[in-house]
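Next up: some structures, all given as structure tokens.
Next, two complexes with subunit A in common: one pairs it with subunit B, the other with subunit C.
What follows is the complex of A and B.
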């Protein structure tokens, strides 16, 4: 999926701890158009629960939340 | 069928504690809630007032000035509720959190303001503790009373007391 999805913004969240991964995604989602996708890479395991929760609360969509080595890769689509 | 826009959820929080650990909890929840699109109200009272204070001396009367000396400084003076050891605990936790790359309390608070968190001092505590609005950081709204907080709390989806 990640190979074919067009990425509009890359977000480096490595080293950031709660609540910052979620906060950074929320601060940056407005930088892509509706329908646009952010790829965010975090190292905080808590982000695996938090970013999907953020998306549910704000009405956006997590296309992918995947552990790759020691990192967590998210594809977040702006829905509104 | 047109989709109805859901009502904005909200969080109302009393911050009575001035303890470092509890303030971390308060500001992490507040910033998280703001990021999740919630309207956030933080009502600072009693020991919590120092969390929104600048590093200035306060107090008019003898007791007020004593309090200003003994409970002076700003948010970075907050000691943990356990293992305080006369300031050693603050230093130790500061080191440990720094090693784990946790934000400083002041940074989290300033982030909360950037994210639009509404912060209010409790007028009555401000009077008692002799900490006027001028002693607070920019971004703190004009003081309010318990009635205002309760109105916010009535309408809120989450109410917290810290």
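What follows is the complex of A and C.
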């Protein structure tokens, strides 16, 4: 999916400890238009639960949450 | 503001009113002793951060609606409506407050400004002006609790990865990060980050502890947000888990507010007796060292080491000596900050402020007393238990070029343990 999706904002969250990756996604979601997508790359495994939980509870959408090597790659779409 | 909204907001004060709060609102002598105790006022010189001034905003509403004199001659008694201007002022002074309660320690009447501001948070939330970020973080935690199944696989896979790292550190291929272990003695409720699980797991395993890891994190943004119901639900996630697994004890991580929530607040919120012993991880580690269940070597940490008392763990949690005893067990080169223990300066990073970008300037300015203390100590290593404090002090370290290594206490312990595996770094 990452090959086809247009990315509007890249967030490098590598090295940040949870819950900071979720905080950074939340702080930055307003920077893309509704329908826009953030690609966030984190290294803390806690983000694999944190970011999808944040998206679900705020009504946004995680298009992808994938472990790639030692990194966790998220595509988060702003829904509202 | 229409009359319905007014009734809602004054109703919040009415619901929270008790003798203690009434006393706090009635007796302030305006001596301003608290101004020199508050790191935010000292760091910014901004009147709105003076503790008595923050509380005064609640006092003004109280006077208008809960006292006869304020009701009839409001101008004379500075009685005010909770209008938009007052609420905007209240938002800044309330959510910026780190809840350190240093002002209370120095106030001749022990007025608990942080408590008064918990009423302010409830008013702001009722007015739809609660801090959005803290509210979102609280809701995400509650969502995780309500949909635990959804996150089970990613959590277990994360724990398996951490287990591999633990084995690499201990050099023992049998070291575990036990998940969902029924009949374990201890449920360790870490933070969401691997950094708070890894070193704790090394210590529990080396101590031969019968433990299991929680699927939930101990951080409680509902508490910082100021919504008691959200805070209760977030805590309830791991209380229910502990009941299900039949553990005897819950151990919370280094994080100060998590300890206060579990040890001091949850019983009142849930109106149920706490069925478990609550311990802070550093109490356990101190016991393991003193009883010889783990061994630490004094020669392995280099440089002069100091210790910062997180406000929620120290002044507000009463844990002053266990962390110091641990640090002194891993080094002969310990120096305390001045002042320390109950008089310790707040670093400026508590109360959820590190998650609120809008307060970044005041947060960094308010760290000036901590910077002065750290410089005066001459230390090159700082042991600092609380996550919020560490984030703040690491940023101060960079901005003020202090050249400090900032360590979690449990990382310092693991670094001082004679283990067969690979030595971890301090982050």
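Descriptive notes on the structure:
Quick note on the criterion: the second predicted complex is superposed on the first by the 80 of 80 C-alpha atoms of A that agree within 3 Å, B and C clash if a C-alpha of one lies under 4 Å from a C-alpha of the other, contacts with A are read in each partner's own complex, and residues count from 1 in each chain.
By definition in this document, contacts are C-beta pairs under 8 Å (C-beta built on N, C-alpha and C of every residue); 3 or more make two chains touch, one makes a residue touch a chain.
Just so it is clear, the model here is predicted, and its values are computed rather than measured.
By the document's definition of touching, of the two partners only subunit C reaches A:52; subunit B does not.
By the touch criterion stated above, A:11 is placed in contact with neither subunit B nor subunit C. Of the two partner chains, neither subunit B nor subunit C is touched by A:76.
Judged by the touch definition given at the top, the superposed model places A:19 against both subunit B and subunit C. When the two structures are aligned on the shared chain, A:37 is found in touch with neither subunit B nor subunit C.
Counting the residues of subunit A that each partner touches, subunit B and subunit C differ, and the larger count belongs to C. Taken together, the two structures place residues 15, 17-20, 22-23, 26-27, 50, 53-54, 57-58 of subunit A in contact with subunit B in one case and with subunit C in the other. Every residue of subunit A that touches subunit B in the complex is listed here, in rising order: 15-20, 22-23, 25-27, 50, 53-54, 57-59.
For subunit C in complex with subunit A, the touching residues are 133, 136-137, 139-144, 147, 150-151, 154-155, 157-158, 161-162, 191-195, 217, 219, 221, 355, 357, 387, 391, 427.
Within the complex formed with subunit A, the residues of subunit B that make contact are 6, 9, 28, 31-32, 34-38, 100-103, 111, 115.
Against subunit C, in their complex, subunit A makes its touches with residues 15, 17-20, 22-23, 26-27, 44-50, 52-54, 56-58, 65, 67.
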